[in-house]
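Some structures to go through are shown next.
Both complexes shown next keep chain A, but they swap its partner, so chain B is in the first and chain C is in the second.
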Partner chain A sequence: MSKLDTLVVPQVDSLVVSIAPPNLLRLQGTITMQEPSRVLGGFLRAVHEAVVADAVRVFELDVTELKFVNSSAIRLFLDWAGWLKAMSPATYRLKILTCRKFTWQKTSFVAITALAGGHIELVAAS
Partner chain B sequence: MGAAVVRERGTLIGDRSHQQSYSKATNLIRVELNSGSEMLTCTHAFFSAYCDGNFRPIVAERLTVAAFELLENGLSYGGIREKVVIELLQVDRGLGIRVTNEAIPARLAKLLEQLERVGASPEGVFLEELKRSMTGTNRAMLGLARLAYEARLELFASVRDRHVEVIAHCGA
Partner chain C sequence: MRFRPAWVYINGIRDFGEFFCRTTFPDPEVAARACVVIQETLENAIKYSLDDNSDELELEISASKTKVEFSVTSSPDRLHLDQLKAELNLLRQADPEAAFVAALERAQREPDASARLGLARMRYEGGVELFISEVGNSRIRFTAIGQL
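And then the complex of A and B:
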């Protein structure tokens, strides 16, 4: 059983979090809680560590149905970019599946990708 | 796009034409909340649903992010003696989200400084705030930068008596 299989998915109002091992995390809905790092920060860190432990080479984060996030939640993805950048060398590439119709994804993820030191790939779905 | 904060005789005002149009705005939604209220998420959901049902998707998305970021700032940084008011307004040249709250002098100064920075360079400030968030240096003021850059909204603020009102304008 992989480390990713053992993770407990947080229950959050307005957000559906699902993991599909070996290499997919899907976030659907909205993130509007005032301190998302308290509920989701630890979980995303655990996902990152599980991906490393499981020796996954490419991990997919599907946000195609993540309609809105507040600015505090954008920091969750920034943190993830920081973890990747801090690994030397990075053991996996993060592929973020985005949706073209959500403006926040276009602006935020392009910038986050630039800050991640080449370890993030963006794929835009229609 | 960006922000307009003009200092005149101690009262900060925005672009004069915007000020005039918003003084005659049609109020579509008005919600009053106690400062520090935990009604942020459901108020935002209400605004989001209204905008989704009444405006084009791109306009709805821009107003929705404005509603959240401005209301969160008002609830988090406004004084506790007065209610925080959020409104969706219709003017001749578009729509706007206005949040009014009690002004705390030290926080007001930071808000206005950020509005000026964002007005000068929306993209530059957005990227700078993202980088600051990454390094964890102080609480980054990403929300306002987001409104100017991501949502392409015009931001302006005014102070009257003890209240500050911030408007995010979405042109028609």
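And then the complex of A and C:
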């Protein structure tokens, strides 16, 4: 069993979190709670560590149905970019599947990708 | 619209603002921009409101032919007001995109500190310029004005 298989997804109002091993995490809904890092930060860090442990080469983060987030939630993705950048060398590439119709994804993920040291790829999936 | 500074109201008010802008303005981007501005403005006002049961937030949305304006009047603590002014002065030194990237870089450099992305996000993603004025009785009006 992969390490990703063992993770327990957090239960969050207005957000559906699902994992599809071996290499996909899907976030659907909205993230607008007051302290998203407290609820989701540890989980995303665990996903990152599981991906490294499982020796996955390309991991997909599907946010095509993540309609809206607050700026505190943008920090979650920025942190993930920081973890990748801090790895020397990074053992995997994060492919973020985005949706063109959500403006926040365009503005935030393009900027975050630029700060990830080349380890994030954006794909407009819908 | 007037209401107590409580987090639980934000989603409903943002949804109303989105509906209002989508119904009122022909450009659908205005509604998306409104969501960002309303969310971040209310979050700031609620986080930093004085811990006082009598406090009340007031949100106004108005528009002319060329501009849309969102303003929130609240009673923040004095320290927050000073920090808000300093942050706005910093942001105005760069264009909205560059200021947003700089805010992301700062947040990445300081992983344990508060992200402080909201104002920069409003300017860049919301396409608004931001202003603060003191309106008496320790209340401030935070205004975001964008082109239509």
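Couple of notes before you dig in:
Simple rule for what comes next: the second predicted complex is superposed on the first by the 126 of 126 C-alpha atoms of A that agree within 3 Å, B and C clash if a C-alpha of one lies under 4 Å from a C-alpha of the other, contacts with A are read in each partner's own complex, and residues count from 1 in each chain.
Definition applied: a contact is a pair of C-beta atoms (placed from the backbone, for glycine too) under 8 Å apart; a residue touches a chain by one contact, two chains touch by 3 or more.
Predicted model only: the values in this text are computed from it and were never measured.
On the superposed chain A, the two partners chain B and chain C do not both fit; they clash.
Legend: residue contacts after superposition of the two complexes on their common chain; A:Phe59 is shown touching neither chain B nor chain C.
Once the two complexes are laid over each other on the shared chain, residue contacts for A:Phe43 go to neither chain B nor chain C.
Of the two partner chains placed around the shared chain by superposition, chain B and chain C are both touched by A:Ser108.
Look at A:Thr32: by the touch rule set out above, it reaches both chain B and chain C. Once chain A of one complex is fitted onto chain A of the other, the partner contacts of A:Arg75 extend to both chain B and chain C.
When the two complexes are superposed on chain A, the residues of chain A that touch both chain B and chain C are 14, 32, 34, 68, 70-71, 74-75, 78-79, 81-82, 102-104, 107-108, 111-112, 115. By the touch rule above, chain A contacts chain C in their complex via residues 14, 30, 32, 34, 68, 70-72, 74-75, 78-79, 81-82, 102-104, 107-108, 111-112, 114-115. Contacts from chain B toward chain A in the complex involve residues 40-41, 44-45, 48, 57-58, 61-62, 64-65, 68-69, 72, 76, 126-127, 130-131, 133-134, 140, 142-143, 146, 149-151.
Residues 13-14, 32-34, 68, 70-71, 74-75, 78-79, 81-82, 101-104, 107-108, 111-112, 115 of chain A are the ones that touch chain B when the two sit in their complex. Of all the residues in chain C, the ones that touch chain A in their complex are 7, 10-11, 14, 29, 32-33, 35-36, 39-40, 43, 47, 97, 100-101, 104-105, 107-108, 111, 115, 117-118, 121, 124-125.
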